[in-house]
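Both complexes below contain chain A, partnered by chain B and then by chain C.
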Partner chain A sequence: MSRTRSEERSGWLFVLPFTISMMLFFVFAIVRTAYYSFTDFDLFEAPSFVGMSNYTALVSDELFLLALRNTIGFSLIVTTTQTVLALALAVLVNHAVRARGLVRTVFYLPSIMSSAAMTLIFLWLFQRNGFMTAIVSVMLAYRQHILLFLVGMAALHGALVLNARRSYEGVSIFDPFFLLVAAVGALALAVSCALAGLLSVFDNNLPISWLNTQRHFLFMPVTLWSVALMNVFTTVPTLMLLFLAGLQSIPSSLYDAAEVDGANAFQRFRHITVPALRPVTFAVVTMGVIGTLQMFDQVAILGDAAPLASRVTLAYYVYENAFPEGASSRIGMASAAALVLGILTITAVYVQKSLGVKEKGE
Partner chain B sequence: MMASTPAAKVPPLRRRLPAGALRRRQLAASAWVYLTFLVVAIIMAGTFVLAFIASLKVDPLERPFRIYFDQLNPAAWIAAARLGQEGAGDALWGGLAPGAKVDFSVTYAAPADATIVEPRAEVPRRRPGSGIAAALMRHYAADYASIALRSSSAATMQARDEKGIRQGWQTRTFVYEITYRTDRQNGPWIERTPLNLTAPTSQILIDSPISPSRSERRGRLLSWDNITPGALGLIFNNYRRVINETADLQTGKSLLGSWLGNSLVIATGRLVLTLVVASLAGYALARLKFRGSRLLFAAALFSMTIPAQVTFVSNYLIFRDLSLLNTPWSVIVVFVASANVLLMKQFFEGFPREIEEAAIVDGANRFQVFCKIVLPNAKPALLVNAILAFQGAWNDFFWPLVLITSPPEALTVQVGLLSLRRSFGGAQGDWGLVLAGAFISIVPVVILFVLFQRHIVSTQFAKGTQ
Partner chain C sequence: MLFRPGVFVAATMLCLPASAEETVRISGWGGSEVAIVNGLLTNVVAEKLAKEGIRVKYEPVDGDYSQIIINGLSAGTAPDLFYVDTFWARSVFSAGQAAPVTSDVSGFAANLLTAFTYDGKLYSTPKDFNTLAIHFNKDIFDDAGVDYPSNDDTWTTLQEKLVAVHKSLPEVDGLCVVPEYARFGAFALSTGWSPFDTRGKTILDERFRRAFGFYTGLVKSGAAVMAADAGHSWTGGCLASERAAVAIEGAWILSALRDSAPNMNLGTVRMPKDPESGKRGNIVFSVGWSVNAASKVSKAAAKVAELLTTEEAQQWVLEQGLALPSRTSLTDNPWLRGGEPEQIASRVVLEGLSDDHVTPYFFGDVGGSWMQPINAALNSVILGEEDANKALQSAQSAFDRMLAR
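Then we have the complex of A and B:
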């Protein structure tokens, strides 16, 4: 009896520092945010109660609706892309046995870098006359060659496969050997055309606005697409390592058995790899959702390099309302928007979790 | 190719692929794997390599993008070392000091029918860049250096014109001597010696120890930012500039230096605090039965999903009311170490109970057990936590942005990068400084990563296999 009581006491003493920080900086902070969301408060005068008016103001604020749309769109796109890419890369690396150790080192660098340093590097890359523009310009200049390569490769590959299928069975449409032969052949064709000067090289010197632009692509500003590209670039390696660890814990006997049963590569992936990776996938998607919904650093560092409407996200909207430049704080609005952001995150995580559980039950 | 061999005999029935062809397919498949892998690795690592190369350039935005320029050219390093040695007796970092006698030779070329005139040479009063340091600069090389033509010699060379026809061109080499004026021998050490050469556009500069930094007025005016750089001063010019030119107007101290110091203090502080909090709480959650432990665990999980933007107003006010805003303490303390607690909990759960229980039977209390038995055996987990805490605190952007806003030297390096971008990455487009700042800021975490790579990667792996 006394043993359990002393355990109870020491338990509480042990968690005391953590509990204090949790209560003060988290629980109390959320409660206060909820309270401020019903008040008018500028950080200096005492808050005055205004009921739901902050929320009604939010709903009619164009910038808030824009931020909400941007955030959701950004989150969907980045989470999906990075999960799929990370999984694909992990499967790839898992096959590239010899390079695995190197992979861990090379691919880890982006994930230990700070978002600030990373954003600066990408800002340089995405300048109007920067490196990214140069790459696009080169591709545009050689567009005929690229097209020739693609068409040539497809034609050559198709011919090889059709020819082989006349005499042999079991030649897949994506036969790796023929693909390789076709790629080499098409490359030789394109290079010799370039050397002989048969195709025209287009001259262009277009400065492309990746960041400082109001343009939209699909439902999201081009600026945020650029940020999304950067985000995917930074997170994919880490997520890939998670998937890779998951892949390596799948016993290879499962694959061997399936191969004996005549399952093809896609079927093996669909029925062994995907179910076995479900817990990792859940972790990866959750991390992705949380990370993208609160995307802030990149947008803040962009600052005046891009118009506010093209880069605003919910997290930035909250900050912008709390500490607006050259205006007094609108803590009520900021708090209300912050709560919306919090609820959105919880909902997204919860929905994702329940979907994952349902799939597991199948 | 295997498809062409049977085409001659055209067998009536389709056969299975022969063993050799299957083997070829396996090889081709792994060739694709490694090819794709190579492409991805080039994209990943290439971005950083390119950005680093660009960070050495005078103008990182130059088009076309060259990867061969003075900063990557050993011949220019040697020339820069000689110039630095002659300028200030410092082959590494250069400068201009009393007693300097610097030989700087330039060679111009022109078609045979034109004449090559002596370029007008001067050491201009030029400020370095556009940053705050320009206002702090007190000594100009122009006030202390004198420049004179020492000799010139003519020669001829063969050049091809646009049509590829060889032509005889004449060349002339001018050797200038830049000296520290003898009447001002008590003058100061000066960091850089700029040089302007003005010559008609008909003559072209074909050789100089180090390339001009800029060419203006259609090549009429060639200007060097510093002709006495020293080898490292040449290569890491942007790095030196970002340290010197982000200076505080009052004290003249480097802001980047104090930002790095602040970040180090904050990251170390948070590391210590995190280790204490997380090991205690992690142990209690893993081992001890007490009321509320499940609730605390749930709260820890929950707190990891809530963005900092939800809690920052209240936390900002807490530190304002305590007058701790703009101090490192606020950023050290504000962190809720949920992830670290959960990591420690997980480690302690896999820790054998027997030893502890034996110690408790012997009459030791929980805290003694924790300090004497548990902690010494938890070194791997503590190390991983320390690394994660340090890295997280070093890379943190949001809390320092909110809690430390002034004075400029109180910022952390990440927020400092934002102000770097504002002051250099805007209209001036001085991207060399911005990139140099970014690369300096990642040095500590890269060192940490190199030292403890195994531990960090295995933690990620452990997370994945859970």
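Then we have the complex of A and C:
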């Protein structure tokens, strides 16, 4: 009995520092935020109770609705893309035989750079006459060449694989030798056609606004699509490491048994890798949802480089109300929006836990 | 410039006999302001401070100054004396965080005093100010064989010169434009348009539309390029890198040019006139010293503010070419009559204060959000994403919603 009590006491002592910081910086902060959300408070005058008026003002504020829509769209796009890409990269890196350490380091590099530095680099890349515009311009100008190369490569590769399968069983569709030969052949075909004057080069000297624009693409401003690209680039490497750790904990005997049973690479991935990685996927998706719903730093650094309506997210909306340029703080509105953001985050995590990715592996 | 607190604090401590002294914490921006305040404290007012028994602890701030001050004021940790920009002055004054100025302010420019007056009381002693002017690279105009911009220029004649420069030197643009009220506003004001009418509403009338059409048409006419497209965030960056022949900025451009283009053959003239009204418009950017209402050494802090803005102090700042004085008596200072580019630029910026339609860079209780609809409209029209009519209709609707709250 006394030993149990002693263990219990030790347990409480171990969690005490964390409990204190939780109470101070989370519970106390949440309670105060909830209180301020029902008040009119400018940081100086004593808060005055205004009931639900901050919440009704939020609902009628176009900027808030825009921020809400942008945040949800951004979160969906980035979380999905980064999870899929991180998994694909992890599988790729896991299969790398030579220079595995170097490959991992290279892929991980974007994650160790500061968010501010990366944003500034991307600001430069996303200039209207910048690198991204140049890539798109080249692709548009040489679209016939690119199309011919892709079609040629697919045809050549398909022919090579089918031909090989007539002689040997189990030739992979991703056979690297055939891929290389098909790529060289398709390149030669495209170059020959270009030299023979059979392909046209299209003029398109149009600067593209990636950031400084109010245009929309699908359900999100083009500016936020650009920020999403930037975000995916910086977060995928970290998530890839998590998947990699998960992949290396899957016993190879499972793959061997499946191979003996005749399962192909896709079937092994679908029936062994994906189920075994469920706990990691849950962590990755949860981190992704939380991180993207709270997107702030990259849009804040963008500043005047992009119109407010094209980059506003819920977290930025909170900041805009807490510290409006040249006006008194609207802490009540900021607190109400912060609570909405908090509730949205908890709901999103709960929904994905209930309907989407399960916590436990199979 | 990076903030190195240790160096600043150590360098700015002015020691006095320990017995009777009061310590006043003062705060200002980082960057070039550090040199100004340090210079004032050590070269101009040190003896007077010693005589008054005041010790000054200077805490410059890099980053978002207004946010840091407002946070400090709400937490009770703000310095005793701090900068207040006209842009956000209202949020400090209306909250009762600044003590009224009690010293004699009769020598200061009247419109600067107005900018710092709230509810009939003056809450800040104007430290210095800026207006907009046309700064240009004489060598580029010489190479292009085009006449320099002049004080007699209208929008049209200035535009013709800018187009001519670009035609003659295709790699150089006439001007870098930014889609911001902070620059465009001077053109709108010159038409006689006012940001707020007598009912406190913002109406984008025909006068505004005319200025809007001119400003957004600069790029299409070949007179200008978007600053962002030239790889710069402000018009001064384009001038310094010789990408553009002209920049529309205040005297703050001088310190940037001193660092990045010290040999530039610089000329400065006043903002062009509206060809229809024949008037000039301008925006005043000003900063003052305010005493923290909760300061325990408010009298000493007020004395420091007074000493830092005396005629002697302002003359020293002026003669270092660091900032423009807010005292009218210094308008006739011999330094301002000199022929050096920095002296001419300072004189022109000083003259901008007496342009026909001048308003402070201040938008009442709405704050900086007021500029958003105009900036968005300028941006979308210059980029060719919307036509002027549609963009201005959206902007007017945004103002109607914003000012109806």
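Points worth noting:
Just so we're on the same page, the second predicted complex is superposed on the first by the 299 of 362 C-alpha atoms of A that agree within 3 Å, B and C clash if a C-alpha of one lies under 4 Å from a C-alpha of the other, contacts with A are read in each partner's own complex, and residues count from 1 in each chain.
Keep in mind that, in the parts below, a contact is a pair of C-beta atoms (placed from the backbone, for glycine too) under 8 Å apart; a residue touches a chain by one contact, two chains touch by 3 or more.
Since this is a predicted model, take the numbers as computed values, not measurements.
Look at A:L43: by the touch rule set out above, it reaches both chain B and chain C. Touch criterion met: A:R215 reaches chain C, while chain B stays clear of it. Of the two partner chains, neither chain B nor chain C is touched by A:R143.
In the overlay built on the shared chain, the residue A:Q127 is in contact with chain B and with chain C.
Of the two partner chains, chain B is the only one that A:A117 touches; chain C does not reach it. In the superposition on chain A, contact is made by A:P324 with chain C only, not with chain B. By the touch criterion defined above, A:L308 reaches chain C but does not reach chain B.
In the superposition on chain A, no contact is made by A:R278 with either chain B or chain C. When chain A is checked against chain B and against chain C, the one touching more of its residues turns out to be B.
Contacts of A:R69 after superposition: neither chain B nor chain C is touched.
Overlaid on A, the two complexes show chain B and chain C touching the same residues of chain A, namely 43, 127, 129, 304-305, 323. Looking at the complex, you find that chain C touches chain A at residues 64, 66-67, 70, 73-74, 87-88, 90-91, 94-97, 180, 226, 228-229, 231, 233, 362-363, 365-369, 372, 375-376, 379-380, 383, 385-386, 401.
Chain A makes touch with chain B in their complex at residues 4, 6-19, 21-22, 24-30, 32-33, 36, 43, 89, 92-93, 95-96, 99, 102-110, 112-117, 120-121, 123-125, 127, 129-131, 134, 160, 163-171, 175-177, 179-181, 233, 237-238, 241-246, 248-249, 279-280, 283, 290, 293-294, 296-297, 300-301, 303-305, 314-315, 318-319, 322-323, 331, 334-335, 338-339, 341-342, 345-346, 349.
Per the touch definition, chain B reaches chain A in the complex via residues 1-3, 6-7, 10-11, 14-17, 21, 24-25, 27-34, 36-37, 40-41, 44-45, 47-48, 50-51, 54, 60-61, 63-65, 276-278, 280-281, 283-285, 288-293, 296, 299-300, 303-318, 320, 333-338, 341, 365-367, 370, 391, 394-395, 397-398, 401-402, 414-415, 417-418, 420-422, 425-426, 429, 431, 434-435, 437-439, 441-442, 445-446, 448-449, 453, 456-457, 460-466.
Interface of chain A with chain C (complex): residues 42-45, 62, 127-129, 207, 209, 212-215, 304-305, 307-309, 323-329.
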